[in-house]
Amino acid sequence: MTRLSKTSIGLFGLIVAIFAGSAAFAASTEADFKQAYAAADAAEKEAGRLRNQWLATEAALAEARKAAESSDFDRAVAAAKEAEALAKASIFQATSENEAWKNLEIRP
Amino acid sequence: MASSIRVRAIANGDITEVQTLIQHPMDSGFIKDDKGEFIPAHYIRELTFEHNGKAVFVADWGTAVSKDPYVKFAFKGAAKGDELKVSWIDNKGETDTATFKVQ
Amino acid sequence: MTTFDGDLPVTRRLVLRGAGSVALAGLGIAGLGIASFHAPEALAAANDKYPEDAFKQKDGTEAIKRLYGRPAEPSDKIKLDAPEIAENGAVVPISVSTSLTDITSIAFVVPENPNALAAYYKIPQGTLPSIANRLKMAKTSNIIVIVESGGKLFSATKEVKVTVGGCGG
Amino acid sequence: MKFLISLAILLLADAAAIADGADPAAEARAFREYFFQKFPNVNPDDFVNGPYALNEDMRRQWEEKEQFPPYEFSLEAGKELFAKPFANGKHYADCFPDSGVAIRQNYPQFDAKRGKVITLELALNECREANGEKAISYTGEDMAALTAYVAFTSRGKPFDIRIPDDPRALEAYENGKRYFYTRRGQLNFSCATCHVQNPGERLRAEVLAPGLGILNAMPIYRSEWGGMGTISRRFITCNSQVRGVPLEAQSEEFRDLEYFLSYVSNGLPISGPGARP
């Protein structure tokens, strides 16, 4: 079980890393945050439509809002990007499971 | 309000086996609530069983007794129909008493 | 059945608890019925008071010392029954019985808990030296049971593995 | 000629079943068979006791607790709640067949009028609302107590879940099945990952329960919760345990999941209320 969960986290961790890798390095502005947050929020809403949101995405979105409130836009943008990456990973999961779930099914 | 005390006292010959379950949080004082604040200790300190006015079992408990505590013991000398009086008092001074028939 | 009116009888034991006003405050929480309070005679009748000091000890050996004033020696005449692995540290069923005679008390000690002494049972004459109870365990620990027999102290020990702790007991 | 037509219809019906991949009765048999083969030493009826059917040390702890089970208080509270009249003088008993006694094994049901699955929890709240009372929380103590009492009156009665000849009922079953096998949450687990592929194994401290019979013991007193929990609460916990945002209690997915899981456990006795680590 432990190995299984590690593999799974590893897979999604990799996806997260790819998405998050595109984060900007320059100091971020409120506009950057709003843009990043809107993208993350849209992705999370899509995950919601697919009934497959992740707790970590919600946590990252909350973290982004909190950082933005204290005008820490570097942290806010980073968190929003992470949230977007997580949300996209959950969308990827939900979409690939459209068919993949059958692999586990016990059939007559 | 229903009693917090449940007792099954069953006589088998001269020996009566007593099982008790008590509804009580038994908060240890070491657990935090959702807000991250410690829930104050709240636990039964003393539980007493009396038969014919004589204590047949006395439990002194600390915070490590499980929530809704359970204890089982057996004593001699009771007959079916005898009364068993059970009382507890906790660290806040709350108390409950109930009487049960030996079956 | 529940009896209480806040007018606590002034016995030494209850005064020691400083129960009076706290008891009233606590009433609302417990939702206990209000009627007249009869002191449980047995509480007043028992000679020894609640071993407050022993229950506060962090260390198992110290708790036993405060409770009995001396250490116990291991005995194979005590049968201590506890699970190998606790299914949940919040509720660990533990029972003990013994072929030793003239038993006056039995105590359960969990050294790895925040407070080591878990329970102390007084065994009057005519009560069998056999007890089952459910204890909390914060983590993997020995369970030590102390049996007071003919004024002497004997013990048995068993380790119980705890993977989900009872969050301190 | 008649015979030929019948045969043709039979063949067509069969073909349809195969095309849809939907033969719930055969699937339920296969589901049960999977667990019987995986645990040949476990008595079929014992699967309703979850991890205790699979682990001797845990079983002893459970049997000790069953001597005076921790759900006793909830069960009594449920009995009182169930008997207590609503403000309009009516009772829960008026909403159910047989006055609500020994009916647990028949839920969830497919309601043909509304085209949806009705669980016992939902039916209890609909009964309240039909009598002018507010719905109670699906995850709260009162619902756990009520369902504990209803389950208790059904102890020993085998699950008897029906899928009527209605494409919507079949769809609900299929939907529940899909939910059961679909991986979700950041841990990428499905219900089946734990309860089909790994029952009996330890995940952290827990010994995973077999999917077969998993709802027969509901509601359950969990030591981990220090209290009682409904099926709704258990499903929500499952979602968050795999690091997913839980769906709403009694959402369509959860109701359909309950329909599927109960159906595949048809024939196994109701054992609720239960106690679990």
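Just a few scattered comments:
Order of writing sets the chain letters: A, B, C and D. Residues in each chain are counted from 1.
In this text, a residue touches a chain if its C-beta (ideal position, glycine included) is under 8 Å from a C-beta of that chain, and two chains touch if they have at least 3 such contacts.
From a predicted model like this one, the values you see are computed outputs, not experimental measurements.
Counting C-beta pairs in contact, the pair that comes out ahead of the other among B-D and A-D is A-D.
In this assembly, the C-alpha centroid of chain A lies 50 Å from the C-alpha centroid of chain C. Look at where the CA atoms of chain B average out and do the same for chain D: the two points lie 35 Å apart.
Computed centre separation for the pair chain A/chain D is 32 angstrom, with centres defined by C-alpha atoms. For chain D, residues touching at least two other chains, in rising order: 65, 70, 226. Looking at chain A, one finds that none of its residues touch two or more other chains. In chain B, the residues touching two or more other chains are 67, 70, 72.
Chains touching one another form the pairs A-D, B-C, B-D, C-D. Taken in their complex, chain B has these residues touching chain C: 1, 3-5, 15, 26, 28, 30-31, 45-46, 48-50, 53-67, 69-77, 85, 87, 89-99. Those residues of chain C whose C-beta lies close enough to touch chain D in the complex are 83-88, 90-93, 95, 132, 134, 163-164. The part of chain D that touches chain A in the complex is made up of residues 23, 26-27, 29-31, 34, 177-178, 181-190, 192-194, 196-198, 201-203, 240, 243-245, 247, 253. On chain D, the positions that touch chain B within their shared complex are 65, 67-68, 70, 72-73, 76, 80, 226. Against chain D, in their complex, chain B makes its touches with residues 2, 6, 8, 19-21, 23, 67-68, 70, 72.
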